[in-house]
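Both complexes shown next keep chain A, but they swap its partner, so chain B is in the first and chain C is in the second.
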Partner chain A sequence: MASVSEMYDVTWEEMRDKLRKWREDNHRNSEQIVDVGEELINEHASKLGDDIWIIYEQVMIAALDCSRDDLAWTCLQELKRQFPGSQRVKRLAGMRLEALEKYEDASKQYDSILQDDPTNTAARKRKISILKAQGKSAEAIRELNEYLEQFVGDQEAWHELSELYINEHDCLGDLGVREAAVFHGGVCVCVCKQHTGSVVTLAGGQCLQECLARYGKAAFCLEELMMTNPHNHLYCEQYAEVKYTQGGLENLELSRKYFAQALKLNNRNMRALFGLYMSASHIAASPKVNATVKKANVKYATWATNQINRAYQLAGRGTKENKCSVKAVEEMLESITMS
Partner chain B sequence: MVGELDLKKSCRYANQLKNMAELLLDSSIRIWVVLPIVLITFCVGIIRHYVTQLLQSDKKVDLEQVSDSQVLLRSRILRENGKYIPKQSFNMRKQYFNDAETGFFKKVKRKVTPKNPMTDTSMLTDMMKGNLTNVLPMIVIGGWINWAFSGFVITKVPFPLTLRFKPMLQRGIELLSLDASWVSSASWYFLNVFGLRSMYSLILGQDNAADQSRIMQDQMTGAAMAMPPDPNKAFKSEWEALEIVEHKWALENVEEELMSRDLNFCGIFSQEIKATMF
Partner chain C sequence: MVSSFWRDVVGVGLFALAHAAFSAAQHRSYMRLTEKENETLPIDIVLQTLLAFVLTIYGIVHISGEFKDMDASSELKNKTFDTLRNHPSFYMFNHRGRVLFCSPNREVSNIPNAEALRNPLRLRKLKHLH
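Presenting the complex of A and B:
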């Protein structure tokens, strides 16, 4: 197999700079990191100087992602030799145990870190990811909530919590109950055994209200993220999607607004454009709105349709496939309006 | 000493022409006194920086302090960026912080133990270390320079000084008629200590331990560590600031603003997306 430097004709300095760029941008392209990093470590270790230690860390985590335990073990040994008793290295050792699915040992490792230093956030977060890896999402949510009570400013943790809440009820999607709730103007059609309503019960007897409440909590987490990163269009879009899923006239209006905000922040966010169209047309189709609101929403939906068509015209610009895809989009838009 | 004889000669000459205050100093003074003092001060500063780094003890951070500072940060962000979240969410959070009975800032009172420098052992050792690395070298080297390079003036400060400065700046030179602007080696040393500060930041980076004047400033302001010693005061001021904030939703007219013009799609459909590494 040709080496990276031969394939791309780059020097070791360029490889090192590329690794640094990936490190600073927090990329997770593990296979590429393993390829580049392994070669740097094996061939050019002496030239790297003190940079080598951070590269060892970066390559080790990438190696764990690619199940390259041999490489991870080598990196860990080097780091242990250089920094004995370091908590950062202990955390890496714990991560390796996690990758080997030895969750008990990993948990013990993190506990020992926390004994020395109770403020170590990395170890606590790793323990929560162990719970997540084992599939114990309810416990993971509980632990993460406790963690966030103490460390309110941890962005990563808020985002993780919102994802955990959102993924808690994929079961809803299977039965199509979510759609029913939304279409009935957002009145919560509770279908579980404890409440009156229709006959359908969900898997595990979960209460629909509870499920929708979890969406509310996910929305709370996303609000925290939106406040600390007001110019990030992705958080706005995710928040709008959660609000749309919760359903109800008020939530639909909010979701429309936040889809629009996401578009304002980034004109090229196609998902937000479709979301804007869907929320506007749902509000317009709802029987409870008055005429002015209906007219306004129809106007928004039409504008969104025009923009979508424009986007699809631009894509491909005159190629044969393009004409078909434009037609497909138009048909899809019409079908959504009618339903 | 070499310079002494020359000095006495030129002083007699200067006395003859009373108005002329120009002294001609031997150029060996420049080579053997001015430059060595600069070098000595500089090297001592660098050594002091590294010694301080070696002697520095790890700062133990209290979990509660970290937590409190993050809560204050969150409250500040709520005040500044609260307009990006819906009104109801904003009010919910404001109530969480500021409610008269159950609000966080009203309910939580932290126990504040005033840190007495005499009894708190960690602060005592820190103070001792500070004294050792900063004050002691200054005194020792200042004294040595005063002894080694005594009896002659080094340089002239570019601004006129009154006679009251003479005993301070002209140690060891008992000349009544000498202009107070001419200073001895000890004052040149002290001038260097403060003057080389910018050199240290150039070479050692900001916030280095060789920066004496900054350390003196720190000693004067007292123990100002990560959190202000009284979190209760911080909570109270944050409570007041949050009380007066009103929610003005930034998304009020977002649709109108968005739809006033077509969307800008440039760059969205690039024909070839480069997927290679380099």
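Presenting the complex of A and C:
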């Protein structure tokens, strides 16, 4: 099999820099990391110097993703030899046990780390991941909340909590159902495991409230993230999406504003552009708004449509498929126009 | 990678600066000896100091690496959710990668589940997690 450096004609320094970039940007392209990292470790270990230890760690985690347990074991042994008694290496050993689904052993490993050092955040987060992996999401949420009470500044944990809340919908809260309840103001049809496991018709939507409460909590987590990272357009956009999912006129207006904010921060964010179009069209189509608001929102939606069409034309200029894709976008925009 | 040319430039600049400082000190002591304390520093020493200063600064700017934009949001323009969503401290490993990348000819390793080795691509029975 040709090595990576032969196939792509790169030097070992470029490979090392690429690994560093992937590490810093949190890429999870484990297959590539394993290929590149394995070659670096086998062929160029002496040239890497002290960088090799962090590469061992990165490759080990990628190897666990790719089910390369032999490679993971080798990396772990090297790290154990170099850093005996290190908490970080113990955590990696625990992660390997988790990958082999030996959750009790992994849990014991993390408990031993926490006994030696009760403030070790990494071990606590891994225990939460064990709960997540076993499917106990309610407990995971509870533990994560307790963790965040002590370590309020941990942004990764806030984002993780928001994702846990978003995915925590036992009862069906998908868009179609909520549309029905919100805009026709009456009966909500909900398939709910919690209640009977069959189709349940509720007036006013009691189980709907439970779904929406979780989205509200997810929105709270994202608000924390936006406060500490006001310049990050992705958090704005995700918050707007959660608000849009919650539905209701005030939430839609809020979501439109945050989509606009995300666009202000990064005018190339296509998702925010589509979001602006959708939320503005929804508000304009809602029966509860007066004429001025309706007109304003129709204006926003038209502006967004023009921007989308322009973006697709600019992106595809010079290529043969441009006409087809532009036409497809126009048709799609017309089809999702609210009546 | 820093090219050695700019490092040499910084070296030359610093050397010229040191040389100018030494000359100025010597000029000072010469003035004291000949008791002509009102004469100002000769223009060539002043010029050499300023030029060496500019040269050193220019060289250091080239050595110090890539400049970042002042606008905080411009750095994030290329970031996508693909990488934002990944939380390395919370990575889980019970995904289909464990089965997908499993090679069929592998020797018995630490995985206790013999079923997986015999036919790794057969979907394991999904355990009901709730």
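We take it that the second predicted complex is superposed on the first by the 302 of 339 C-alpha atoms of A that agree within 3 Å, B and C clash if a C-alpha of one lies under 4 Å from a C-alpha of the other, contacts with A are read in each partner's own complex, and residues count from 1 in each chain.
What we mean here is this: a residue touches a chain if its C-beta (ideal position, glycine included) is under 8 Å from a C-beta of that chain, and two chains touch if they have at least 3 such contacts.
All of these numbers come straight from a predicted model, not from anything done at the bench.
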Simultaneous placement of chain C and chain B on chain A, clash or fit: fit
First (chain B), second (chain C), both or neither touched by A:19: neither
First, second, both or neither for A:68, with chain B first and chain C second: second
Touching partner for A:123 - first (chain B), second (chain C), both, neither: neither
Contacts of A:289 with chain B and chain C, given as first, second, both or neither: neither
Contacts of A:258 with chain B and chain C, given as first, second, both or neither: first
Touched partner set for A:310, first chain B, second chain C, both or neither: first
First, second, both or neither for A:268, with chain B first and chain C second: both
Partner chain(s) touched by A:161 [first = chain B, second = chain C, both, neither]: neither
Superposed arrangement (fit on chain A Cα atoms) - minimum chain B/chain C Cα distance in Å: 10
Footprint overlap on chain A, comparing chain B with chain C: 268
Chain A residues touching chain C - in the complex, by the definition given at the top: 13, 25-28, 30-31, 61, 64-70, 73, 95, 98-101, 121-122, 125-126, 128-129, 132-135, 156-157, 159-160, 163, 231-234, 238, 265-266, 268
Interface residues, chain C side, partner chain A - complex: 1, 72-73, 76-77, 79-95, 97-102, 106, 109-112, 129-130
Residue ranges of chain B in contact with chain A within the complex: 61-63, 66-67, 70-71, 73-74, 77-78, 81-82, 84-86, 89, 251, 254-255, 257-259, 262-265, 267-269, 276-278
Residues of chain A touching chain B in the complex: 4, 8, 10, 14, 18, 32, 36, 118-119, 150-154, 220, 223-224, 226-228, 230, 254, 256-258, 260-261, 263-264, 267-268, 270, 273, 300, 303, 307, 310-311, 314-316
